[in-house]
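To keep things simple, chains are lettered A, B, C and D as they appear, and every chain counts its residues starting from 1.
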Amino acid sequence: MNIHVTINGKNYSHDVEPRLLLIHYLREVVGLTGPHIGCETSLCGACTVELGGKAVKSCTMFAVQANGASITTIEGLAANGKLHAIQEAFWNEHGLQCGFCTPGMIMASKQILDRNPNPTEEEIRHGLEGNICRCTGYQHIVNAVKAAAKATGA
Amino acid sequence: MATTITRPKTLIGKAIRRREDPRLITGTATYVEDIKMPGMHYAVVVRSPHAAAKIRSIDTSKAAARPGVVAIFTGQDVSKVGPVPCGASLPGLRVPNHTILATDRVYYAGHPVAVVVATDRYIAADAADDVEVDWEVLKAVADPLKALEPGAPAVHPQWPDNKAFDFHQEHGDIDKAFAEADVIVKQRILSQRLIPTPMETRGVVAEWRAADRALNLYSSTQIPHLLRSMVAQMLGLEENRLRVVAPEVGGGFGCKLNVYAEEALMGFVAMKINKPVKWIETRRENYLTTIHGRGHVDDYELSAKRDGTITGIKLRIIQDLGAYHQLLTPAIPTLSVLMMPGLYKTQNIFADIVGVFTNCVPTDAYRGAGRPEATHGIERMVDILAAELKMDPAEIRLKNFVQPNEFPFPTATGLIYDSGDYAAPLKKALDIAEYEKLRREQSESRKQGRLMGIGMSAYGEICAFGPSPATPAGGWESATVKIEPSGKVTVLTGTSPHGQGEETTFAQIAADELGVDIDDVLVVHGDTALVQYGIGTFGSRATAVGGTAVYFALQDLKAKIKKFGAMLLNSDDVTLANGQCIDNKTGASKSVQEIAAASYRAMQLPPNTEPGMVSTHFWEPPNFTFPFGAHLVVTEVDRDTGAVKVVRYIAVDDCGNILNPLIVTGQVHGGVAQGIGQALYEQAVYDEAGQLITGELMDYAVPKAHMLPWIESDHTVTPTPVNPLGVKGVGEAGTIGCSPAVVNSVVDALSPLGVKHIDMPMTPEKIWKLIRSAQ
Amino acid sequence: MIPQTFDYTAPATLDQALALIAQGAKPLAGGMSLIPMMKLRLAAPEHLVDIGRLKELNYIREDAGALHLGAGCTHYEVETSPLLRGKCPLLSETAAHIGDVQVRNMGTIGGSIAHADPSADYPAALQALEAKIVLRGAQSQRTVAASAFFLDTFATALEPGEIVSEIIVPVEEAGAGASYQKMAQPASGFAIVGVAARLRRSGGKIAMARIGVTGLAGRSFRATAAEKALENTAGSAAEIQAAAALVAQGVEANSDLHASAEYRKHLAAVYAGRALFAALARTA
Amino acid sequence: MKISGSQRLPFPPDQSYALMQDPEALARAIPGCESLEQTGENEYRMKMKMALAAFSGAFEGKVRISEQQPPSSFRLDVEGSGKIGFVKGGGVLKLEPSETETVVNYDGDVQVGGTIAAVGQRLIEGAAKSMIQRFFEKLAAS
């Protein structure tokens, strides 16, 4: 089946098998490396991308379902060589260690801040329910989201 | 050419942000799964659904007939490949033959029996489903206690008692200690099986270059060099024709400190099909077949005097080994024995280990590896003793600590504790918590019927693995430091960081030592073709051993810089500071960059000196290091549901000198998260038939953000004399200190109900049942 | 990780979708339940009909004293709809407990209830709300009560060829208060037990009590004995506790790794109490 | 996993007993049973397609009846395996008269393996009970 999608501002058109998962489409067909696969039960969130302004788990979607949609991945956040405020905050606050969950974690953080520019610690933790990090204990991630909120609010 | 701005020595101890992060936060890092090669094939491993079964036959015809399937291999096909290695040796150890694919029998659910190779991962998955195995299902045993019972199913038929080894160690006069004791306390304490769960599962890409007889193996591993040596042996390859690359590695926590069947299997496949092949473990496979951690049943006895002085410790460990020995499986519980006295002085110890085979995936090193079990045990027992003697848990610890003037301190288990002030972090934690005020709050809350608990642990650990005689495969570490002709500095480390941030901390060391800008330093690791032989990253060793190797390589290099500098400055009295070699008489100077350039240009050489500016150092540590600390935890138990809420978490850790506080704090947080995971949530559960019923993230509760408390992290600093950096290691500290503090806190909360001990994980139902039976 | 092959159709209209479903195709809405099962090959539908994009199924509107939700509304839309938050806040509150942000962004109310997971959150609220579920087939349309819709573990009143097309919940009257309280399974977030309570006070008495329970048994249900015990009382703490204690009575409870039947029954009483107290506080 | 409970059949015990030994009746009543073919005395080979909402899977397996003590009790063992794993169940069914009907008390073990065991853990008991319920409903209707 032929699909048309916009990914990080670029248009793509491919013929895909209906069963091709969106994550495999992004990684194998389009050639991205940001969204990762950490589980098959839709719990780890490493594959999180933004689809039509909403954070979704790209491992729990078929590429054909995204036909016509606009997708942003971690690769699409930095603009003109400048990191997104959330990326910058994860870096400054040491919000990552092994980095494998990080692209999904940043996309989920973006969803939090898009909907609530000034979240509390509890709201941040609740907003990250769909993403697992095994390295950081989340505290520096919480700090990063707060710092990004402050940076973008300022 | 040399544009570097020199600056004073300030980087060590600074919270500078990590140099590895730009690629990680932009999604451009290269993990194994990101590696693509022309002609890449995909492999799927067919696994046993049974924990114990004979293989009557395997029918691959249907799978092989699928278009796109290029090869299928079963146990018979790989019979020439050597077994999965066990690197640990113990007297009398029984070592089952661990072939990379099962041949006639399987020993645990998930056991690999065949591999299907196809041009596409979707086709490979379809074909794997088509492989038909005719099983004769056998009785399995998953519980180590049941495995020891007479008549239990034999995991390996040749050893019907299911014992892999017995290990004994004792010191002092344990009988006298117990005979003369005023009080003896006993408790069985469980450290449940845990699943390490790095977010990146394992994965391998193998590429065979037939004309060169060379194999490139990309694997998500913590030990690229050791893996190379062992896989070369398994495959019968010359070691120098096997290149192992650990690309970006998405967490390990010990489970990638191993050599797995699939690593050799993919090498075998690539050589057979003469094409690159990729295998990526699914999470389900990761849970079924990558090592688990812990798996102890520990029987403790403590003897003490009325005043709280601990006089002796007895420990009997039943270690659930699983069906095989992976790289270090049988060695892990021996670390528990080494650590069993904790921070306390007692010289009378008695320890037995029984290593038990079960029809489960092997246990092996998981964050802390043997030391969390021991620390959990001793720190629980000290609290049990304190309760028995009606002493304050802080007081009894302070009474028994090794004192600062007693270092180096020989322990009853044969270690030499390097340095410490064990009371300092405990006192600091008590201060931060306002301990006395907290106890008053607790007695008030108890009057209102609330269940508030205060618990602490004072932990020690064995880190910086370690002196080679005491470490399988060697415990040294290597470093090469090169100043390139342009003046840029490259550090090649034999460690293999996968989240610990050594690209930053080692650059801090190099920049400070050479007085160059940190942006001019590049740290390279994880590729056996680029880096001299090394050991790897595990056992909180990377900075303390690998960083020290870097340090010494830098010292050699500095001497060489000075030689060249003296020659260029025509001086016999030079100093190297701030990136400049200065003639102490004239004040004239040459920058490190200028000197490096001259060393390569070699127009003139100092006497007995080679051109170039490269130094390699293999550092053998004279001892382990022994970090320590104290964690204090305030909990509140919901009387109605049994749910535990961690209200406050205070961690005061002493890991010696701190090179980068941001990174150290991150390590503590992550360690604590895994400790809380064990204390409250995580447990690998096998049913009676050996089925892993926590087989996905659906049922195995890795803590999420909302399940963890805010961690108040602080430090005391007691440098180690073992290495010139004074660093002890911090990777495992949080985990080791955590679980006993949390359990002690919850037991304290329930102590008014007469509760004396709770095993992990402290699930709401378990706590509710305790509350209910008390009422 | 890799699903089996299937055909995929994304029809432009509901009628086209229903025609295909009548021929045996499986509807795909948000996919949050179905796709993970397909990836594990526990489900292998031969033909998927994507109804997740149908605008016809995506609406929340008020009509004749009731709120009508298209089955295609995502949990996030239910959670944040100003209309629902104002007039049927229990449903929004419940939606906020489902899964995680990403799941709520994609998962739909129709898909969730058609799946009928015994630990799903919505059924508790829909039972307490005495919701009506509209089922449509290619040639049929019928409306069943929530109590008649959820039959058993993964079993509903849906006949082959039918889909959930609409959910109808009442506009809460003045004096009403409601709450959903849940103990979540720590790994998956599913309800070990979840209780939705709705109360209306009138003249110092509890005029109406509705209690929906999920997670406890193979199917969600209304705890009618507890409701009756509470109605026409003043809603004192003792009366609420006594009513809450009835919620699990006589129920054959589920048990699994995370909670035994006995503990689940205990939790049902505890969470019923909590939901009732919270609901009562909101009636003020 | 242990599983026990009781169900009713609207027939007297001897009739109920006979029904539960009748391969044709069993084939009609076992949820998803596609074929049941006799392979020996009291042994059958079964093909079934289990479908529970979106879950589905084809199984092949065996049914065995033993320890027959008509009309009061017998033992039933069922095992099946398919691509998504295997299911094994066995237990004793005891029949007691209750007025004109029969109460069937069952007590046994259910064991699952493979993918079903890994992810279906929380659902196995409910699913097993619901299948037993359907089995008896269909049997009652025969």
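Please note the rule applied: contacts are C-beta pairs under 8 Å (C-beta built on N, C-alpha and C of every residue); 3 or more make two chains touch, one makes a residue touch a chain.
Every value quoted in this text rests on a predicted model; they were computed, and no experiment measured them.
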Interchain contact steps from subunit A to subunit D (minimum; 1 if touching): 2
Best-connected chain pair, where connection means C-beta pairs in contact: A-B
Euclidean distance of C-alpha centroids - subunit B vs subunit C, Å: 44
Whole-Å separation of chain centres (CA-atom averages), subunit A against subunit B: 29
Centre-to-centre distance between subunit D and subunit C (centres being mean Cα positions), rounded to whole Å: 31
Distance from subunit D to subunit B - Cα centre to Cα centre, in angstrom: 48
For subunit D, residues that touch 2 or more chains besides their own: 83, 115, 119, 121-122
Contacts with two or more other chains, residues of subunit B listed in rising order: 121-122, 129, 282, 284, 693-694, 696-699, 702
Multi-chain contact sites of subunit A, meaning residues that touch two or more partners: 17, 19, 37, 40-41, 43, 129, 131
Which chain pairs touch, all of them: A-B, A-C, B-C, B-D, C-D
Parts of subunit D lying in touch with subunit B, wherever the complex brings them together: 1, 81, 83, 85-86, 111-115, 117-119, 121-122
Touching residues on subunit A, where the partner in the complex is subunit C: 1, 17-19, 21, 37, 40-43, 45, 48, 54-57, 59-62, 64-65, 67, 108, 111-112, 127, 129-131
Residues of subunit C defined as touching subunit D within the complex: 26, 33-34, 37, 40-45, 114-116, 118-119, 152-156, 185, 188, 190, 218, 252, 254-258
Interfacial residue positions of subunit D with respect to subunit C in the complex: 5, 52-57, 83-84, 115-116, 119-127, 129-130, 133
Complex contact set, residues of subunit C against subunit A: 1-8, 10, 28, 31-32, 35-36, 38-40, 48, 50, 52-53, 76, 99-103, 105-106, 187-189
